[in-house]
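Next come the structures, one after another.
The same chain A turns up in both complexes below, where it pairs with chain B and then with chain C.
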Partner chain A sequence: MHDGHSANGHDAASVSRGLLDRHRAAPIARRIAALTAGVLFLLGIAGFVIKLLDKGTSDPSAWGYYAALVSFLLTAAGGAVMVAIATRLAKAHWRRPISRASEMFAVVTLYTFALLIPLLFALPSLSDHRRSLWFFGELNVPGYMPHIMTTLSFFFLALAGLALLWMSALPDLASLRDSSWGLTGLFNRLSNTWQGTSRQWFVQYHRLGILGALYFMMLVTTHFLFSMDFAMALVPGWIDALFPATHAHNSLHAGAALMLVTMFVLRRFGGYGDYIGLDQFWGLGKLMFALSLLWFWFWFSSFIIFWYGAKPNEQAVLELLMVGPYLPIFMAAFILNFLVPLFTMIWNPLRKSVWGPTIIACGVLLGTFFDRVRLYAASWSVAAADDKHTLREVPAAIMPDVADVMMWVGGLAGAVLVYILAARVIPIISVWEQKELLLYRMHKPFHRLAEVLVLGKKD
Partner chain B sequence: MSQRSVIGLFTDEDAAADALDTVRSAGFEQSEYEILTGTPYPEGAFGEEEPVHKLYRFPLIGAACGFIVGLLLTAGTQLAFPLVAGGKPLLSIPPMAIIMYEGTMLGAILFTVFGIVFESRLPRLFMGAYDTRITEGYIGLAITTSEDKTGRAEETLKGAGALEVKRGWES
Partner chain C sequence: MQEHVQLDQKQINKELLNGVLQMPKWWPGATAVVLVIFIVGLCAFGYMLNKGVGVTGLNRPVYWGFFMVNFVFWIGISHAGIMISAILRLTQAEWRRPVTRAAEVLTVFSLMAALMAAPLVHVGRPWRADLWVFPYDFARGVWINIRSPFIWDPSAVMTYLTASTLFVLVALLPDLAIIRDRSKGFTRVAYSVMCLGWRGTPRQWKLQAVAGILLSALVLPVFVSVHSIVSWDFAVQIGPEAWHSTIFAPYFIIGAIHSGVSAVATVMVLMVWLWGWKNYITPDHLDAIGRLLIIVATTWFFFFFLEWVFALYSLEAPELAMRDLQVFQWPWSGLFVLFLLTAFFIPVPMWLFRNLRRSLWAMFISTILVNVGMWLERFLIIIPGTMRRGHMIFDWGSYHPSLIEILMVAMTFAWVILGMLLFSKVFPLIPLFDIKEAMVGRDEIKVGRKTVPASIRE
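Up next is the complex of A and B:
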């Protein structure tokens, strides 16, 4: 026993103190970032109002870029939460410093849910007799079935994400409560009488596992419904059973990329360089690389069916989405999501670096942005076509107007803002998981080596 | 008789484990004491009984209930209003499977949420004896027992080498 702490307790106390002190500090850079994001978010709201006053909600083609924004946020932020879930299930130690940053994207999913609501007014009802999942006209199905089901699915996704974040943060919220930092009433309520009993810790693991599985199921369901009803059903003759799965896969891909960029920002500007190191970039970079290869597989599997089938409706869909007016941004998406990762990430020195995976991840996010614009701007541009079975004429590409650009900038800034605000309350690095690592980590001599790091696992 | 809790604070894992043995040998039941830590030690690290939970039963029971409801709903409606479509059997498995799957998932999810709340004992309205230093690395051994045994609990904790003993009802 020494200075009031056990061997582990001593280290745990210093880890806890160090991380909580960093959490309490409000660096000027973060305040400037929040302020800038706030101003840009207001710009986005202005863009939304301009668009609404100018175009109303009766012309779906005017809302394609907004639909792409919602889809992009669902894809990237929704998938980013999966980084914590998947790596926790795999019991990977390297994920500990990034788990909370990943779970924190649940607040962005809630924000995306809020952005979905205006889009519901622009999505036509099924009364236009387009082909959809919902047997409209054959069974007694409400015309707003896509609106209802997607809203429900989105809501439960956000709820599952927030529950996961809260449960995961409970011990750290209790630490903040006990450290009398301020906001004691808030932390008292949020930590819900957490004491750290053996049972509470025991249940913590199981509920994180189950909530993670629940979140994953809701993520896939939400992508299924959103991609079907907000993209595929709007294009006459687009029938692709693989597309919802492709959409969900893109989410995992962009989620890993978004987490790499977030890790870089936290390491470079957040002062967490001693926690987020090469291991994290290396581990997640490999995952993103594998998902980049899978991106090609998903795209090619859909493409080959349409290309070989070559029925008029299939040719029209290919023309609209890939080889026609949106060819340049399809190529950009293809290059950034697949070709660039393939020819760069196979190179070990680049893969095993901090800068390499981060730059490639920026490319993947940009590629996903192009991909979503290609899919949603194109789909919404033909939503009002008269023939609901085959696309008779492929319209020219819809270019974004000023309001679209403002909405995109403001929409992304809003996501950054809610993330920064959430990180002000909840520690961005999971303190209790860092302390737990101390129980399973030791350095010891090994044959001729002076020291090796030995990592244990609980089971 | 009302329950009261006292907590002894320790700074060393072995001392806390020895204290737990002392508390046990002093006649306190398993349900009366618990270890409080700021770090998730492996279950049983202090010699306490490993907790058990029934969390996995909830989704299974929910899934079974949802499946049965889905089966009854699809089969029942088709039998109540027999309509042969496309020459397919009245009780055709592929379309029924979709509704049964949805019912199974819905049941599993609803029961899981209920199970998490139940197994987490949420909402927990009152805290027992506690010390804020636990989140800083101290180890707490809390005894929650009937009012007439609290004196003995305090004595036991002090005798076991607790750095400090606090009463839950005074904090």
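Up next is the complex of A and C:
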């Protein structure tokens, strides 16, 4: 029989107290990080204003790097939420200390949605009769269909993510409400009428499952629309049925990497070393390794068809995106997203460490950044081509100007800032999931072994 | 409510070896029937060898008919074993234990059926198969064309067959030793040889466990590459425009997993019905595989959707003509509707209901439907795909499968069933050691008023 106590002496009350106390504390490091991110974010706004005044919105090629930024944030932050959803679906207990940190990236998706709005003004309408998903000219659709549909999809993705975060945080918000720690009005509103009744818990589990499925569907839809309308449709002759799926896969890959880096920061600087341990790095490291292998497979599946088929329009696309002006950054993306993880993560001692997966994850994020730059900067540079069916001339690589760099730095800093602010309100480690774990684990003697861990799985 | 049936080792040995140490009543009759079908198919094959491929329904421009459909179908089914064994083993899914062996064996026999369907039968002159692998002419150094799918396919399929066979053999060793200890005379000698001196020492168990994990990890890239390569047989061509699509590799693989896992579910139901292993394959197992199938089927449908969206996106006349043929021209239109209903729209809504997922009959019918649908899917890719009309009207043929082709398709089905039946007579279809390990590592935890199943982690 199990008494609800874990072997290391924690009981539900001490877990609750420990995590909520840590949440209430406001360490100076976090304040400095938030302040720095805020300053850099302002720098990004300045870069945006410079770009707008200098180039306007009539020349899409000036906005390629900004499109890459939006795509990168959608890819990494959007995918990071999936870590919580997928591991909860698989009932993996090791997810518990990191699921909230993962769901918290929903606020970054909302922020990314805000960044999308200026990009809509730079994306040309379909009146140039480019090939598109919306069959403009064939069907009676408005020329701004890409803008409308992507906005809707992005909005509902952010909404689904926030709903998931709120639903998942409800019991913890109620704990904060009841512990009378400032912001009582806010927690009252946020925790609604949560009392922790059996019925509420039953509904909670079901809603988390449904919202997770909904979020995943919206993520795939958003990647589908964004990759089509903001990249592929801009390049004449680029017809790659796998690209939307590749885009979505890259999101899961970068999302896992982003979570690894976040876990490292929380463990090292956030004071959560007791909760985020090797299990989490090992589990997520394996997932990222598998996704790195799939990265290659997705890329190769597209590449071989274009290369072997040798059709002129497909050769031109290869020239533009891989072997032409963007070859160096394509190679960097290839090395960081596939080769480095392959030759390092295959080694178990490295996989089962804290530093190893974190360093590789930084490489994957950098690789994803390069990948998005080569795809979006290249696509937006040919948006004004005359021939709408074949890319006749591959444009030279567009180098980022000062404003682009400022927007990138500011854009990323803004994401960090909103994440830190969200973590100030919502506990970054799910208290109720940690407490639930105590119910599902016990230690017992087993044959000649001193003690084994027994883990239960609910229906 | 999850079921928890605790069985002792003696009972496990007795029940799971009932097909090996005794003769089930239905076994001789069933084996005889499939053997007859297999022999009839072999005769049809002999007839085709004697008369030439003219006895088939292949006709300009449809040079790929039932044989290629069957090839892709059986390669698809072969993905069952690795999906269930390797992936579920690596993710430590407990419910995999009673189904891994059957899934792996299904992989081996369906790969052989695939080899029968395409390289052996489809090419018409199988005795020249060596020319795909060895140089045409040693003296003049004329080497094979490594860019030909004729090289890709046999290489990929043979690698996969080798890896899958190894997978089965490694997992069989402890069970073979159990049979050895319970048999006499020549049978004992045979099992002694096959179990490679298994004594169950700690070192042997450790090596066996490590080999299982290593093989699981190593076979996964092979698993992905095999169906990718089969899909590239189609997709690298620019002739039939509808095939030249980057989506083919993942679309084929997820389709293969869809049909393969469904086939495993069918086999699970048959194992309960025929061998009476209801203590081992419980409604919980069907529930778990049903849930997995919902995810797999939905992903497959997403790729199907992408394939169609991009077919229309291209707005190229030949592509649109092929899609028109698939969807609006009789009899393809009827088959297309049947394909969609059986592959997705009937089974998936069924699996959404817990009671149906846990029902033997519902799972049997729904998973059979999936494989009817997936066979039709391959048929609809290949036949309308090759039936493109060029500028010369003498080339405007159609395709009607001949009796010879139908018999040879039946032969491959008979082969797989026959193989499974013969295997089950010699080896246990459920891994005994895996079940025993599960019994040892199984526990229960009381959470409030509920008891939930638990497993031991060292």
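Here, the second predicted complex is superposed on the first by the 449 of 459 C-alpha atoms of A that agree within 3 Å, B and C clash if a C-alpha of one lies under 4 Å from a C-alpha of the other, contacts with A are read in each partner's own complex, and residues count from 1 in each chain.
Just so it is clear, contacts are C-beta pairs under 8 Å (C-beta built on N, C-alpha and C of every residue); 3 or more make two chains touch, one makes a residue touch a chain.
Note that this is a predicted model, so its numbers are computed, not measured.
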Contacts of A:V454 with chain B and chain C, given as first, second, both or neither: second
Which superposed partner A:L439 touches (first chain B, second chain C, both, neither): both
First (chain B), second (chain C), both or neither touched by A:D240: second
Contacts of A:D178 with chain B and chain C, given as first, second, both or neither: first
Touching partner for A:R207 - first (chain B), second (chain C), both, neither: first
Chain B versus chain C as contact partner of A:A90, first or second or both or neither: second
Touching partner for A:S301 - first (chain B), second (chain C), both, neither: second
Touched partner set for A:L186, first chain B, second chain C, both or neither: neither
Residues on chain A lying within both footprints (that of chain B and that of chain C): 1, 439, 458
Chain A - residues contacting chain C, complex: 1-2, 90, 131, 133, 135, 138, 220, 224, 239-245, 293, 297-298, 301-302, 304-306, 308-311, 439-442, 444, 446, 449, 452-459
Residue ranges of chain C touching chain A (in the complex, touch as defined): 1-2, 91, 147, 221, 224, 228, 232, 235-238, 244-250, 302-303, 306-307, 309-310, 312-315, 443-448, 450, 452-458
Residue numbers on chain B that touch chain A, as the complex places them: 11-13, 15, 34-43, 46, 48, 50-51, 53, 55, 59, 105, 109, 112-113, 115-116, 119-128, 130, 132-140, 142, 163
In the complex, chain A residues that touch chain B: 1, 4-6, 8-10, 12-13, 16-17, 156, 171, 174-175, 177-180, 192-193, 195-207, 210-211, 214, 217, 432, 435-436, 438-439, 458
